[in-house]
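Shared chain: subunit A. Partners: subunit B in the first complex, subunit C in the second.
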Partner chain A sequence: MPTTAKAAAPFPSSGGGGPVRAAVPVARTGLLLVAVSIAVFTATDVLPGDAASVRATPGATQEQVAELRAQLGLDRPAWRRYADWAGGLLTGDAGTSLVNGRPVADAVAQRGAATTALVGGALLVAAPLMLLLGWWAGAARRTRGVVTAVLTGAAAIPTAVVASGLAALLSGALGLLPAVSLLAPGVSPLRSPELLVLPVLSAALPTALFGAGLLSGAVADTLRRPHVADARRRGRPAWAVACVDVLPFLLAPFARVVAISAGGLIAATTVVETLFGYPGLGSLLVSAVAARDVPVVQAIAMLAALVVLAGLLAADLVAAAVSPRRTGPLGEAR
Partner chain B sequence: MRLRSVLAAACATVLVAAGCANESAPAEETASVLRYAAVGSPAATTDDPHGRVANEADYLRFAMLYDVLTVPDEHGEIQPRLAESWEPVDGDLTRWRIDLRDDAVFSDGSPVTADDVLFSLRRIQNKGAENNGRLSMFDLDSSQATGEHELELVTARPYAEVGAALAALTFVVPEGSDDLTEPAVGSGPFVLGDGDDTTAVLERNDDWWGPAPGVERLEIIAMADPAARAAAVTSGQADVAGSVSPTVADEHADADGLQVVHRAAAVNYPLVMDLDSEPFDDPDVREAVKLALDREQLVETVFLGHGQVGADIVSPADPSAPDTAPVDRDVERARALLADAGHGDGLSLTLHTTNSYPGMEETAVLAAGQLAEAGIDVQVEVGPPDTYWAEVWNVESFYLNSLGGSAFVDFARMALVSDGPVNETGWNNEEWDADFTAALATADAAERHDRLADLQRRVADEGGYVVWGTGDGLDLAADTVTGLPTGPGFHRLFIDQVGVDG
Partner chain C sequence: MRSVPVAAVVLALLAAAVGGPLLAPHDPTGVVAAAWQAPGPGHPLGTDGLGRDVWSRVLAGGRDLVATAAVAAVAASAVGVAGGLVAGWAGRIADQALTGAADLLLAVPSLLLALVVAVAVPGRAAVVVATVCGGAPLTLRVVRDAVHDVRHAGYVEAARARGERPASVLVREVLPAMRGLVAADLGLRLVIAVQIASALGLLGFGAAPPAPDWALMLRENMPGVAANPAAVAAPAAALGLVTVTLALAVQTAARHDGGPR
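Our next item is the complex of A and B:
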């Protein structure tokens, strides 16, 4: 049985040496980070109104506003401000808030734990859920198109709607959970896990549906592979087929989808945290944009980009390490 | 199989984390606590009480951490706080002697002196670009401390309302506190405990000179979303939600365990007409607009009845506001006035609005419908809140503004005197300016109020503000909360006597 032998054989994960192959995605991630930093700086620079005009009250004269602008260092040329900013980031200095003059790093650190708990919790919920749903959708034969369409459609429901619906149901109608998630200062969200439930579910559900839609194709492709049909024909139990013949082929796309989902989750925190009054980076970003507090906006945007790019890099490295073969639809997709 | 074990490990981690959380739950609280969810956007949180303060939550915190010189009471009258008295030194009301209490101390133990007060006032004036020129009536270079607890303030012109000027959030910090990116020590009813940019925890200051505050601990939580503020109270995570919408107030008015607190005339959305632009340069057109509105219907619709019908008085809660008869709707008279003004065939206008504040858009749409009945065809244009205050406000000739409950003299200095920095209606009237200056030079309070009332009446009759009604400020609170402020303007910030029963 040549096919079976082929499928069972331990394929080498990569042809060349690991470090050399890893250098390419690492370098790519570094370049992307530079591109993102330029994009973030440019985007925040063209927001209408700068911090000086926002901070000055209606009665202020043009001279007073100009003086304020000079005080805040906003009168220097854009390239100069970018160089200072990017240089600062490299040395770990994210600058000071234009609104209250405090170090941006402090504000970000203060809220980082809360958002980490939220995004981490949502990933723990979303990752297994998307695998199950994606598997279910991919395994559906005739109805696969319909199931995938339903998943994609449901994933398109705005997070705000999902969050309001969940709050109305679990907090309003059933009274199981608090309607807002206020954290006492300096207290870890893990100490009041009930406050995390609504934000975590609101962020995780749309993400899981979206990820399941992405995964279902890979599941369908894998199930159609000859060695799977062969294993079934030989009477291997369904659970063993799933674990031995299918799952290893899904790890690479699964890792990438999880990495992409992490980005989606970070974006979802802006809505979820604002709606539930949860003191994390997402709500900080929203209010920093409203206040034109550019250094804060830039720092959070860069942090989010860093997380997503690091996730994708990790997924690439994981995929390279675990990929059971270098050929076939998944291998070619790289 | 690998995946399963990963999942199992993940589940175990969550369970362990949850278990730990239960074990280490904080000990039961015994101190009396007031948790106040206030309007505020955490990123805008600042520790500088003298510059730009965008958050109500910050103002509340400053009012509890620092002493101010005077305060408005629930009727808008000025009462002593750190200043015991303020008396003119000479007859022309340009030199004022301020006597401070001698028993106020900062929380580091040092006494609050006239030098600290003068330093703070000068710092506020230097930040005029960020605080509406709050103290621009004073000549602080010529002012001086005349004793440990006594100072002489000089005003640029005769200014009888110095007591009110000193109630304009004159937070006193120790002399030399130039950099306020970190909190300074205060001498107010509370001292700063723990906190982050969302929640400030304040502890009662047992050394405060005033009556003991109603609670031992005060938590001020900045929340931008009005629905989230209300939800914090209904779900028991806060005791007070500042500034909720009329809809929320009605929804919870009869709920067990909750109360709605009304603060009169906290908000109004006047239609603003620019006197320098056609067709509003014609007084008949302005009067026609004022007569064509159904003000009761507007108050009923926009504020759900939580408010008062207005008679175009811009600061109706001010102690000097005149008693005026309501403006009754008169569509026929409005039509006649329009015909006299040469608009008998109708008049087309664009009314700009935005949705920065709840009810602004509804106001414009409803007003447009009402004006149409008088033959004024109004196109409503809704602008994005982000750019409205830069691109429409004080620029277009017909739009909606949002005014809080500011004192009349402060409003007039900004928006009604000819050279006022935000004279949005183009109210350039030399005689009115002279009478305003003369009113402020009138020492006798009753006579001064009469003069100010007359000035307000003249703006109502001929000016460009259509103050069709004022809405109540509405706070939602647990019914165990007592003593919440109900007065106009800054009175709402002084919550030191608020208590929590049970």
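Our next item is the complex of A and C:
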């Protein structure tokens, strides 16, 4: 979820300067994934309201619920249920939905394509936008305070507000776009791209503002480096300074910010998809939470965590690979 | 103390959100006119899908949401400050255990966490849990670094030399030095709590119909956005106003009280 710049600055992946071997971050990501799986399992399975009480017909007696619980294997110790569940996930078996009895993996695969289109489209819009806005904010001199205030304020607006504001403007007041997706599950959203405009913009704008706030600090730091002033004094044109002297120093923070934003973007899909009736994983997660369909919630939560952690890992590796500091002065780095 | 006017604006806004229900001209849950009417006389923001007055519902729709967010923010800040004081003061092992746990919590987006927790507990409790899990780690890191900065300051050393207990040094000497930081941090937690509460409300895990609630109104009024855009725009504007004001207030307070940035 997008927050203000200060909020995400000390993110775990932001440490680790200098040469980092790939094995350490990979192992850390694996450990984090195990920890997240335990947390997800605890929150959904061990806390009150288990699968048996969801499945039991209304008015079922205590004995009937207990029988169902035994039938579902819920009377076994938690650690054994966790082991079974985690083992299933590793082999691609996410269990069956408590609501319709169908394999969770099928439903996730079916909805996954639509969410991939949404998240991919939003990243395509948000990434260049956050670089431009972040650069603008970081490079502003006299107006820096005003610019960062505008960015901070705008980044605080909840996704729900951005999405409904855009809908009220573009589809309500101006009548340009349909407000509700009306896309049948399983139909590729690429077939009717106009339905993607509102969801993609709604997810991309808060992400871009949030990322821009994080990037502006890195831009300002880079611009203050001596070699940038040097290049300017030597008479190098502004565009060349930007491309050769500034941009390479921004690649590592940019990769990290994109990875952090991807996490917020995945969370934002729940709001955006639900609001616009877009049949993706986010809306599936929301309906599964409402129905207490625990296996579906667990599978989607783990998938989202996997994507977030993989993104952070990728950003760490990219940062280690492109960091100009490792290869000395910039001239030799490129 | 230039943060006084900022605090006044924030307090006025929160008071309006909390006192709004008293100002509503109509019963926020009562049917008063035809459905999806555009703004007109008697109904400055038109009506919603059930013919209820949107203006009255907007006035009444912020109280529970803001109250939930406030509780969540205070809880997150309190946990984070306590953790940060301990991590900054205690030895290496406690420090690494606490910051390690904080990093772990940060790897999962708060809203996702709120949704997973919402399987087991009501939406409001999920807002609190997610705000604490997503916000306290950040507070912890900021406070921990601040404690590192002051732990060898003269007045702290003096208190230790007087033989005061660690807990009393932390609360009486270290904490007051960080009040600007803690205030700004509390504001940030509040912004994030409103974001989480509004998302959960929109997704149907907050207030239940027919209660007026800004987030719920966004979802309820989306089908009629073509007939009465104000029914969506007004609660969106109210939520946006609260979060933007809070975020700007945090920034101003932080700048003037020597907090973060």
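The rule is short, and it goes like this: the second predicted complex is superposed on the first by the 299 of 334 C-alpha atoms of A that agree within 3 Å, B and C clash if a C-alpha of one lies under 4 Å from a C-alpha of the other, contacts with A are read in each partner's own complex, and residues count from 1 in each chain.
Criterion: contacts are C-beta pairs under 8 Å (C-beta built on N, C-alpha and C of every residue); 3 or more make two chains touch, one makes a residue touch a chain.
Owing to the predicted nature of the structure, the values given are computational and were not obtained by experimental measurement.
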| item | value |
| --- | --- |
| Room on subunit A for both subunit B and subunit C (clash or fit) | clash |
| First, second, both or neither for A:296, with subunit B first and subunit C second | first |
| Contacts of A:105 with subunit B and subunit C, given as first, second, both or neither | neither |
| Contacts of A:40 with subunit B and subunit C, given as first, second, both or neither | second |
| A:171 touches, of subunit B and subunit C: first, second, both or neither? | both |
| Which superposed partner A:308 touches (first subunit B, second subunit C, both, neither) | second |
| Subunit B versus subunit C as contact partner of A:32, first or second or both or neither | second |
| Which superposed partner A:154 touches (first subunit B, second subunit C, both, neither) | second |
| First, second, both or neither for A:270, with subunit B first and subunit C second | second |
| Which superposed partner A:320 touches (first subunit B, second subunit C, both, neither) | neither |
| Residues of subunit A contacting subunit B in one complex and subunit C in the other | 48-49, 167, 171, 179-180, 274-276, 285-286, 290 |
| In the complex with subunit C, residue positions of subunit A that touch it | 1-4, 6-8, 10-12, 32, 35-36, 39-40, 43-44, 47-49, 148-149, 152-161, 164-165, 167-169, 171-173, 175, 179-180, 263-264, 266-268, 270-271, 274-276, 285-286, 289-290, 292, 294, 297, 301, 304-305, 308-309, 312 |
| Parts of subunit A lying in touch with subunit B, wherever the complex brings them together | 48-49, 53, 55-61, 64-65, 67-68, 96-97, 99-102, 107, 110-111, 121, 124, 128, 131, 167, 171, 178-180, 182-187, 190-193, 243, 247, 251, 274-277, 279, 283-288, 290-291, 293, 296 |
| Contacting residues of subunit C [partner subunit A, same complex] | 103-104, 106-112, 115-121, 134-135, 138, 141-142, 188, 191-192, 194-196, 198-199, 201-205, 215, 218-219, 222-223, 225-226, 228-230, 232-233, 235-237, 239-240, 243-244, 246-248, 250-251, 254, 260-261 |
| Complex contact set, residues of subunit B against subunit A | 1-4, 7, 10, 14, 17-18, 20-21, 24-26, 37, 41-48, 51-52, 54, 128-133, 179, 181-182, 194-201, 219, 221, 223-225, 228-229, 231-232, 234-238, 386-387, 389-390, 394, 414, 421-422 |
